[in-house]
Amino acid sequence: MSELLEVSDLVIEYHGATVVRAVDEVSLTIAPGEVLALVGESGCGKSSLARAVVGMEKPRAGAVTYRGSEVPLLGVRRRRAQFTSIQMVFQDPNSSLNPRIRVGQQISEGIRAAVERGDEGSQPEEWLERVGLPIEMVSRYAHELSGGQRQRVAIARALAARPDLLVADEPISALDASSQASVADMMRKLALDAGAGLLFISHDLAIVRLIADRTVVMYRGKIVESGVSDLIWNDPVHPYTRALISAIPEPDGKGNLPAAPAADAPEEWRMTLPEALDRA
Amino acid sequence: MRKRWLKIPAAWITPLGVIGAVIAITWVGIAFTARLWVPFDPLSQDLPRLQAPGIDTLMGTDALGRDIFSRLMTGASVTIPLALMLVLMSLVVGTLIGAIAGYFGKWVDELLMRLTDLVMAFPTVILAMVVAAALGPSLFNAVIAAFVVSWPQYARMTRSIVLGLRTQNYVMAGRLMGFSPFKTLRVDIAPNVVGPILVLASLDVGTAILLLSGLSFLGLGAQPPTAEWGSMISAAIQNFDSWWIGLFPGLAILTVVMAFNFVGDSLRDIFDPTSQVSRAGARS
Amino acid sequence: MSDITTPQTADAAAASTTPVLTVAGLTIGIGSRKNLKSIVKGISLALTPGRIQGLAGESGSGKTVTSLAMLGLLPSNAVVGGSIRLGDTELVGMTHRQLNDIRGRRIAMIFQDPSSSLHPQLTVGTQLTDHVKRHLKMSAKQARAHAIELLDRVRVPNPAEALARYPHQFSGGQRQRIAIAIALACDPIVLLADEPTTALDVTVQAGILHLLRDLADERQLAVLLVTHDLGVMSAIADDIAVMRHGEIVESNVRSEIFVNPQHAYTRELLASLPGAAGFEEASE
């Protein structure tokens, strides 16, 4: 099989007082060297899907296969080296860094994972430079960093493990516009050079358009539109995708508030349009 | 960069914390050296009986003509090291059990937590009586009885912290990189458990001292003629007019317990996340 | 919308142009006495009721540290100079206890990182109502109704059911909205919003921006909006300050910043917009 990652008919549910179906029969694939973006409403199941891909969430139905073998659940046992090439950048940069360990050492753990798998070693400083941080930051603790700096350290740590599949959940949301572009670009280049796959989750269509080959738009747990990024950006078909693009505030300095959709989302956002899927 | 754990920022140095630390350290120092410098043998009965405090017997003598000052100081070397040992044992055992229960979860957790519930349900003094009845009353057996009931609080606390940490993203990140369970516990979990456990332990030293003296007072711990604070107070009951027999051991217990509590309280302030950068301020 | 400060009466005019919160010559250094790192180097800002003051700038330029200083939530090794005045009260140098009264009730903050302002082991309902019950003296029932209304305003789906859930049972964006609800719970007069919409998709973001605008217009809330998203800035900020390396390099009303940027860094910032091409047409 040529695909690096294959997600087929994945269903994820949370059973509490009520049953929440966070991901509802989603299928997607990522090829080596490909960047796939996942965008969608807040709470539509993007992070749930991401966690299932790395094995942190148990699928209710469906399967996640990585290089032909099913991704095992991340239990208390040590993860097999075969799967340490799947790495994740978590949505919440604050809790993704250990508060009591210096930044440099945390990146070293990533490097060690790469070395144990037989990849070449590297220095933490290199990775800090790549994500645009001064190398003195190796000796800082997470709480001594700004929000955007933390997020970049988390990216550096994941990249240091030289992943073949990187799942990045809103990795650059806390960065300013110019760092966003450069960090996103760097992630894309690294993925392409190493032949790795990148699942890039974001709610920001403008950034997604710059770095993703293909884009998947999710709404309430289902894929509503997917295909080549430029097509989706320039000519959205599904009503939800259209709403998503039109609600981006225009930085024109005129003080125009984008119209807020009504609290009860329009029914048409939920519909399935076959022509909106797999657009090429 | 600066060494965060070696340096104590000024804001942490609270008056009560400093007073507590000084008194606690003094008592521990006395406990380990008293036998070398006390003026009289704490067991010899050569002095006049029931002598009020004076120049040569600073705190008077008891009904058997033993110097109370000497007994008090050597008493420290009976109670304090045992209390410290008790706390240390409970800490090690409790933390380990709690960490394992919290980290491995499922049936391991269920089993270990039911066990702690069971043990916690025992009233300490009654358990000590049972142990004393079974093994004979002695200070060492009192320590065993106290240990049996005191490790579960460490287990409980560690477990709840570990449960909270287990789902933290950085723990997940470590596991994705192929950390072994042991490495996760050592690198990602242990450093975050240390603070709260130290607080609990320092507060617990006071409790342990109270408990051991209490048991001795009841005759379940130290046996005569050993100089022990609790049994000294219990002896004072028979000589009610000689106030000095009971007062000084009472004061000794009071100061040690308070000192360790002060230390524990200021440690709590240090480790409490809300006393640091604390985004938790949003909640207040 | 920028002429919102045109009031009907002279009284209201005075009220709406007098700043509630004034920052003057604020300097912040963090570190040990020997190795103090200067992070904020003398900035001045004023927050006026009914106006939204934007604060943009490079990552790591000191935006969060500045807002934390207004709440007195900096780490204990921070040295703050200059003045921060809330009305006539000087906040720099206040004790924690005095600040506690002001925090949450008069000045509220939405933290950059929402999950750390939520307590992981308390339900969302408890966190929202505790606050309200204490500060606004509401009964449990009123507080619950108030909480549901707040959650509805920030567009958390099924508010009544959400009250019984724990923070980790929500998505990142939902947690951010809950944190916003908590900040608004006690009707503050100043709101510090540190990247309040980073985790939100644009449709939900639009809802939150409308909410902030309405609060400023109707309740005369003074808002400090920290964001790196110039689209957001353009949509609701009345005035904008641009920060870099701990200094404010440019500060002006919104239209001037966008149409007529003076400082090179501001221009650079505008040029780096992903939609920069579109923007240039619009501003011509």
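By letter and in written order, the chains are A, B and C; residue numbering begins at 1 in each of them.
Just so we're on the same page, a contact is a pair of C-beta atoms (placed from the backbone, for glycine too) under 8 Å apart; a residue touches a chain by one contact, two chains touch by 3 or more.
Here the structure is a predicted model, which means the values were calculated and not measured.
Common partners of subunit A and subunit B, by the touch rule above, are C. Among all pairs of chains, A-C has the largest number of C-beta pairs in contact. The mean-CA centres of subunit A and subunit B are about 49 angstrom from one another, to the nearest whole unit. Subunit B and subunit C have CA centres that are 46 Å apart.
The centroid of the Cα atoms in subunit A and the matching centroid in subunit C are 27 Å apart. Counting partner chains per residue, subunit B has residues 276-277 touching two or more of them. Shared interface positions of subunit C, i.e. residues touching 2 or more other chains, are given as 75, 113, 116. The residues of subunit A that reach two or more other chains are 92, 95, 143, listed in rising order.
Across the complex, subunit A is touched by residues 1-2, 30, 56-60, 63-65, 75, 112-113, 115-116, 152, 155, 157, 161, 164-165, 169-174, 177, 194-195, 198-207, 209-210, 213, 228-236, 238, 254-255, 257-259, 268-270, 272-275, 278-279, 282-283 of subunit C. Interface residues of subunit A, counted against subunit C in their complex, comprise 14, 16-18, 39-43, 46-48, 91-95, 143-149, 152, 169-170, 173-181, 203-207, 209-210, 243-244, 247-261, 263. Considering their complex, residues 2, 7, 9-12, 164, 167, 275-284 of subunit B touch subunit C. Residues of subunit B touching subunit A in their complex: 1, 4, 103-105, 168-170, 172-181, 187-188, 191-192, 276-277. Only residues 31-32, 35, 68, 71, 73-77, 100, 103-104, 108-109, 111, 113, 116-117, 119-121, 127, 131, 168, 179, 182-183 of subunit C touch subunit B when the two sit together in their complex.
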